[in-house]
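Pasting the structures here.
Each of the two complexes below includes subunit A, the first together with subunit B, the second together with subunit C.
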Partner chain A sequence: MRRRDFLKLSASTTLALASLGLETKEGFLKPCSTLAAAPKSLPGSLGAKEIPSVCEMCFWRCPIVAKIKNGKLVKIEGNPKSPANGKRVCARGNSGVQLLYDPDRLKYPLKRTGERGEGKWAKISWKEALDEIAFNMDKIRKKYGPHSLAFFDHGASAEFMREIFQALGTENYSSEPAFYQCVGPVAVAYLTTMGYVVSGTRQYIDMANAKAMLLVGTHIGENVHVSHVREFIQGLSKGAKLVVVDPRFSTAANKADIYLPIRPGTDTALLLAWINYVIENKLYDEPFVPRNCTGFNELKSAVKKYTFEWAAPICDLKIEDMKAAIELLAKARPNTAIHPGRHSTWYGRGDVGRHHCLSILASLFGSIGAPGGIYFPTPIKKGHAHCVACKGENEVEEPDVSLRDKYPFIEALPGTPTAEIIKATISGKPYPIKLWGINGVNIIQTIPNPYETIKAIKNLDFIFCEEMMPGETAIWSDIILPGATYLERYDSVYTYDLLTPYVTVRQPVTEPLFEVKTPYWIAKELAKRLNLDCFRCGNEKELVEEELKQMGLSLEKLNAEGGLLKFKANPYRKPDELTMPTDTGKILLSVPDFAEEDLDAVPKFVATPAPPKGFARLIYGRSPVHTFSRTMNNLWLNHEWPENHAWINDEVAAKLKIQDGETIILENEHGKRSNPIKAKVTPGIRPDCIYMAHGFGCKSKHLTKAFKKGASDQYLITTYENDPFMGASSHRTSFVRIVKKDVVKDIPDLRPLPKELPRFELNKA
Partner chain B sequence: MSQYAMVIDLAKCVGCHACAIACRAEWRVPSEEGYRRNWVKRIGPEKTPFGIAYTFYPGLCNHCDHPVCVDVCPADPITRNFTSAKDGTNKKMEIKATFKEPFTGIVLIDKERCIGCGACVEACPYGARYLDETLDEPKADKCTFCFERISAGQEPACVQTCIADARIFGDLKDPNSKVSKLIKAGAKRLQSDVVQIGPNVYWKGSKKDLHALFKNFAPKQRTWEDVLNGPDLMKRSILRAALASSKRSG
Partner chain C sequence: MVGTGDILKFLAQGFFYPDNEEFIEKGSSALLGLAQDLKISLPQVDKIPTLLEHQSEFVRLFMAAPGGVPAPPYASYYINSQKLLFQEGLEQVMEYYQKAGLEPASKSEPPDHLSLELALASHMIDSGHFALLDDFLHNHLLLWYPKFEKKLFNAGPSWWFKLLGQVTGKLLKQISSMEGGSYEKA
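Then we have the complex of A and B:
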């Protein structure tokens, strides 16, 4: 791609930075004359050439500078121009160097030679690889119709290939696990009640200026999005009070003023009791609620039955703690940050309702548009690349029976629930799906019940992927296209619309290594073979220039500014000037549209099945040094955190005679067993659940550092249900018990279950 | 004269490990197990008298006032002339292969003269040093407070990258520096009744976090005494060199 277009920033950094006298007030040393005189021998990253760019070790995409010495990337730092992360990057951002130079990377196109899943390949040419993909796409589309093609996508690398699937007319052109396995329910809840996606890719929650914060199952600090973590810490440093609701004592819980170790699956009961208490005790914002919200009376009568006395045994919490927490949050209003949450595909039923409750609580506190509350994005008008738009092809025409039909609130969103695609691929109903394209997502380690996913893959006529690393998805593919990393390419102009808005651009720090190609080149070549006129720029650099030109910018101008331009934020609204982007301009406390679809206008508590006798609920989260299942093979990150641990409550462990650090196996409700995993015995988790960090237990031997390290949570999640609003798949609906030295050990029942919480029925499993 | 020091604020730290990796990237610390100049160890969740704590030990060399690693270095001392990068003043000092730099108080290693005996590695009660045996001739290595970076006017790599601004670096001899103020306000040295060698990294945080940190990681062994009282240091270095060369040939 824009391989040859290195930035020629001659800015010899050491001297430049030194002359800024960074932190000289603190008395750091002035530049040492002997060092300055011999720049060639400068140690560390000193004296490196710098190229501003954008990280994509995760999707948060922090601005970075890449440091190049003798043509090699030696270090990545934050872009000091960035108002969000500044000179900082997280562990993963720092480790991009080892993604670029990972010897296990996919280096050239591969064609499967053994059985699917065997991981046996032959090297082929780009021409052969692309010809074969185009041939199969065309053949299958003609034989089975456009909807027989499905595309699973994530991140910047997938954007161009998505255009092709859309142009070919399939409704399944963007089945994003990032949506259907992550943010779907929270996005729908806020889009419906507030008119915009308060939490999707981003969270518009002003923790930095909050006087109190509430986190419900949100693991800030383990979930590391740099500017988000910074705002959380800034808020705490300024004295904000913190309430954390979580069955596990997380990094955030350790910083909490009130920690509520809630029984998993009962968060909505707590939230409804809080809402009722706020209304009953008039703790809500009296002028704000009638002026800026609709549906208050419906809400009030619907939540009347949810008392603390009712919630306490369900949530397994003390009334005085629940009360103290809500009083603390109410006292700070309107500067109360009710975090909307992010990963919200927990239990299927009730997921949208839980986040609807959070939106109600924030609204009752009048915190919408107030400092410290939910704020509004500052959109930066981005130029449009006219050279990317497919011409002369079919609009996506809905099939007679759509896979989206079941889900009334999917409309605003592209693509199809992943679970529906997998089921249709297996059953051929309501229509056959015969080809999958996958780009930027390891679907095996992301979608619940990988056994079902693999069954579907075996049913396909053809499957291909564009990937950087030979993970599980690659080993199940017929053709593998080696894609360039974010360090080897330009990407579409990037705008950030949070509290510190800016525009910046990803730029290559090296030409693509080996035989890898950029996503734009791959999509363009594939489109050509399918007779689609989609990509009319010569390369991504032209595309970026076209987008920048419409913003009155160019790469040259942007780079003269250090690769980034800041904009002024407009996040807050005075309550009497607040107009929400909903039909009525108001916040919907009760949502009549939900009722029209036989869903709850005001959320109700609907119990998710409790663990069957002898089992604990499997819960999961993140290691702060890893992204999904994507970074476990990175040399530096692997060194830092090679495997995950199973967190087991100390009382449970004592009863089962399990020692801290001992190797165990987990067995789920369907008898599926995990890789061996070490036990972490701690009082920091409830006795009715077992936790592990997501993304470990790699099953591809081609990832030599990650292979078989730790255990995979995904392979233990075989029971899931789909959210009735938009079809997301639940992830916290599976259960595990412990196997030690081949002996199955039942989890003792240490917390009584009230009758409102029926157990999962094992014989139905 | 300065004494550089660091304060680490556990109330801000989220245990993200950015510091550890920025250090590894900056100085190309080999990724073999046990090789680290800068680390994050996770503590808990565990019970403390002040409630459950789930905190971290983000550690590095303490650049101690009484560096026992320097005491045990068997290399023959030589006289070297040091120049202050701040004001150009000179100072002559006798140094072994590892020494406390006179103008900054930073403990450094003269790699040219290190014989790779490993005595300093064993002597350090904080485990802050390692012997780099990936080199043809093994050498001791450890955190330098990014001496070269700060000499060039930059921050230490771990301080620069800290996403929570939990690491504060500066000169203890300057009473107006942030580190001086934080120490005056109660930031604590990680030490025990038994081991008090003047570490210049300080920690602050909640009672429970500090309790857990000290309980798990305050050094309780006078490790350097074993080295000083152990086999003759020169003999040790010969043994170590022979072992390393047999490892390489084998």
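Then we have the complex of A and C:
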């Protein structure tokens, strides 16, 4: 018997096979030119080739070294040259290996074949995918006007596509949840009062050299940004005192000298009372304030009414604790780190005011430009690649009624509030929005009220996304473009302007796998189809070289230095040499521009509605091993932290007969229910709130490891209001009660509620 | 004359993303004929799938589906304890590519994709590398194909893909069960 033809085929089978013309078909294989078999080598990452790059498992972008063996990424470590993180990476940084080789990742362009959101697809070619997107962009733009296109973006992968939307003339060329669901209010507060964004992607706060620190709702150690956490720990290890204000006994609270378990929604009351106390008791820096600040007298008279006696019942704190905390912070001035906070979209109206208060407090302590206080970035002049911008690109012509109109302090910022795009997409007013592009952000697990977001998506003529994983947003798309991960591409030159400045570059550690393409290639090909003259560099490597050239560098030179060059920092200023980057050169304690727009020149306490009877406020935070919803399917991280827990006060739990570890469901003020979630019964949370880590409760069945693990906070946040300064959406304005075995259990009132705090009205929900 | 190598080429094509209607039509007859010749019980064939139906089913089974990809067609997924891609399974098969002096013609799939491995087996037969084929089947392809086939069946595939999986499984088993060298005695 011969193996070549051992199977006795029937005549009909032979005929059918012969008719396929297999022998003439282009083969799957070709003579070997490059493939090398894996040599037997040292175990693990020993002997691996090292490629310096930049992490993007979160937005902090730590310098890394990728270890490659036989073309395969085997390990990721911190770049030892990096003064920020050194050899360290966090759990997520380490787990990039799992992102790259995740069997669930998106590998090919896909086109929807079933109903929108059903998750039925056909694989299509890149040509077909890009042709179809270009056709729809062009058709919709011509039919409804340029503003009918909207782009939701995040991170380095979205930069090029954003250029396309801008070149097509839509005012909605950027709508970053990273801004409108996170740093918007704090950025506006500091940009207005100090002239620069003290807290945006980065926080310029010198915790390593502080003698005292204040954290208001900031969960360092749970939100892990390696260099930031290191500085926090350095400060503590050198003896810095720590005050933590938080309704929950967080990881940071565990390190605190004074922990203030404040009633959620009342932080501004505490801060105003502290400011008043500092002024009344002359605890402020007397030479610094008159020299470097404006508006002191307005501030002084505006805060006079905010006494500890007034604040104590509102904040549900003891006067002696509030007093001890502020005196501890004042004693350390000017080396007091009043952390500006980061995620600031809490309550809507009061958010900018709360961060304005923190800015005032830091200024009163004279800690601006002082070691241990707020410092100044050290800008590294980065080269500009002329080949990126679109030729002939004009200013975006605003529509008659803009989605930005309502927000007077949005002007300095690009793009449109996410909530406004969603509302306009649903209502068609003030103009129709018919096409969404999405890149690098899972909007359904990020923007409050995902039910509304899905309703808007159903109203669209076309929606496409560029993604790496098939998360909730991807499955609602008509076309999915599989984007290269940060390990498969170059990105623009990266400069770090904090206390240890450096320049580095993200570079690929492997060729893009499967049929994925880099964001630059995708944008370049799409631009061509739209007749836009953009992206004239042949590829992203040329772009990076052009940027580096203007810095007197090249990839070769940079890599010879270990992929990173350090610069000398210039973070501090002497008080008598301090010039702020504001119009007056001074810090604005009172902001006249706010008053001109009928907003508060000096922050006021405006009560955010307290929980309705039977409900607790829903609060949330971060898991240290996850970056929102985007790492939930990562095997190693999923093993570390597969699901979140609902933190419930132990007294509340005892009254409701809920045991630690018991599975419950949360129901919000609109009757929306969560996935089942385990209760964490603890005295480490106030009785009037329930906490859960954000990003869990995956609803995408395509993510095998993350699906249905834990509960999603986002799906419970259905009440929100928009910040009146720049349109950010609030996240701590929803309430929950507990459902156990189908029985709804009201949260008992265990803390007295003062008259200043009206309850949320359920009949308005 | 249609030989075993040609059958494997056909099966390799069957596990590759479908891009023309003709292959599905003619391939259906070939598949049904092979099943009959291999004594596999024939399924109830209501209709030949259209290209779009076939593509959607392919994506559901092998690329992206609610509940995760039911049957990832990559050796690494089955050979690696963490079910990662581009791992030991790929390293194993690369040794065979090197010995056969071949490499995949396109980079759109990793070298341990089922189609490419079947194409490699086909080449080994056509070029008479039987000892290498034995080694390849016993020490690589058949270590993972049965697990893949099981996953494929569990996903409730269309008759086309179910039969493709069965024919491939039975054929590979038959080739591998032939004693080394016996094939040259004919």
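Couple of notes before you dig in:
Simple rule for what comes next: the second predicted complex is superposed on the first by the 722 of 765 C-alpha atoms of A that agree within 3 Å, B and C clash if a C-alpha of one lies under 4 Å from a C-alpha of the other, contacts with A are read in each partner's own complex, and residues count from 1 in each chain.
We take it that a contact is a pair of C-beta atoms (placed from the backbone, for glycine too) under 8 Å apart; a residue touches a chain by one contact, two chains touch by 3 or more.
Predicted, not measured: the structure shown is a model, and the values here were computed from it.
Residue contacts after overlaying the shared chain place A:Pro470 against subunit C, while subunit B stays out of touching range.
By the document's definition of touching, of the two partners only subunit C reaches A:Leu110; subunit B does not.
Residue contacts after overlaying the shared chain place A:Lys701 against subunit C, while subunit B stays out of touching range. In the superposition on chain A, contact of A:Glu515 is made with subunit C only, not with subunit B. After overlaying the two complexes on the shared chain, residue contacts for A:Pro624 are found with subunit B alone; subunit C is out of touch. With both structures placed on the common chain, the touch criterion links A:Lys741 to neither subunit B nor subunit C. Contacts of A:Gly119 after superposition: subunit C is touched, whereas subunit B is not reached.
Once chain A of one complex is fitted onto chain A of the other, the partner contacts of A:Tyr101 are limited to subunit C, with no touch recorded for subunit B. In the overlay built on the shared chain, the residue A:Lys72 is in contact with subunit C alone; subunit B does not reach it.
Annotation: subunit A residues 14, 17-20, 22-23, 26-33, 35-36, 97, 635 touch subunit B in one complex and subunit C in the other. Looking at the complex, you find that subunit A touches subunit B at residues 14, 17-24, 26-33, 35-36, 42-46, 74-78, 85, 87-91, 93-95, 97, 220-222, 224, 226, 229-230, 233, 236-237, 249-251, 253-255, 624-625, 635-637, 639-641, 682-685. Contact residues of subunit A toward subunit C in the complex are 1-10, 12-14, 16-20, 22-23, 25-38, 70, 72, 97-98, 100-104, 106-108, 110, 113-114, 119-123, 470, 475, 511, 513-515, 635, 700-704, 707.
Residues 1-7, 9-10, 12-13, 16-17, 23, 26-27, 29-30, 33-34, 36-38, 52, 55-56, 58-60, 63-69, 72, 74, 76-77, 82-87, 90-91, 94-95, 97-111, 115-116, 119-120, 123, 125-126, 130, 133, 171, 174-175, 178, 182-186 of subunit C are the ones touching subunit A in the complex. Residues 2, 11-12, 14-18, 20-22, 24-27, 31, 33, 40, 44-47, 52-55, 85-86, 104, 146, 148-155, 157, 160-166, 169-171, 174, 177-178, 209 of subunit B are the ones that touch subunit A when the two sit in their complex.
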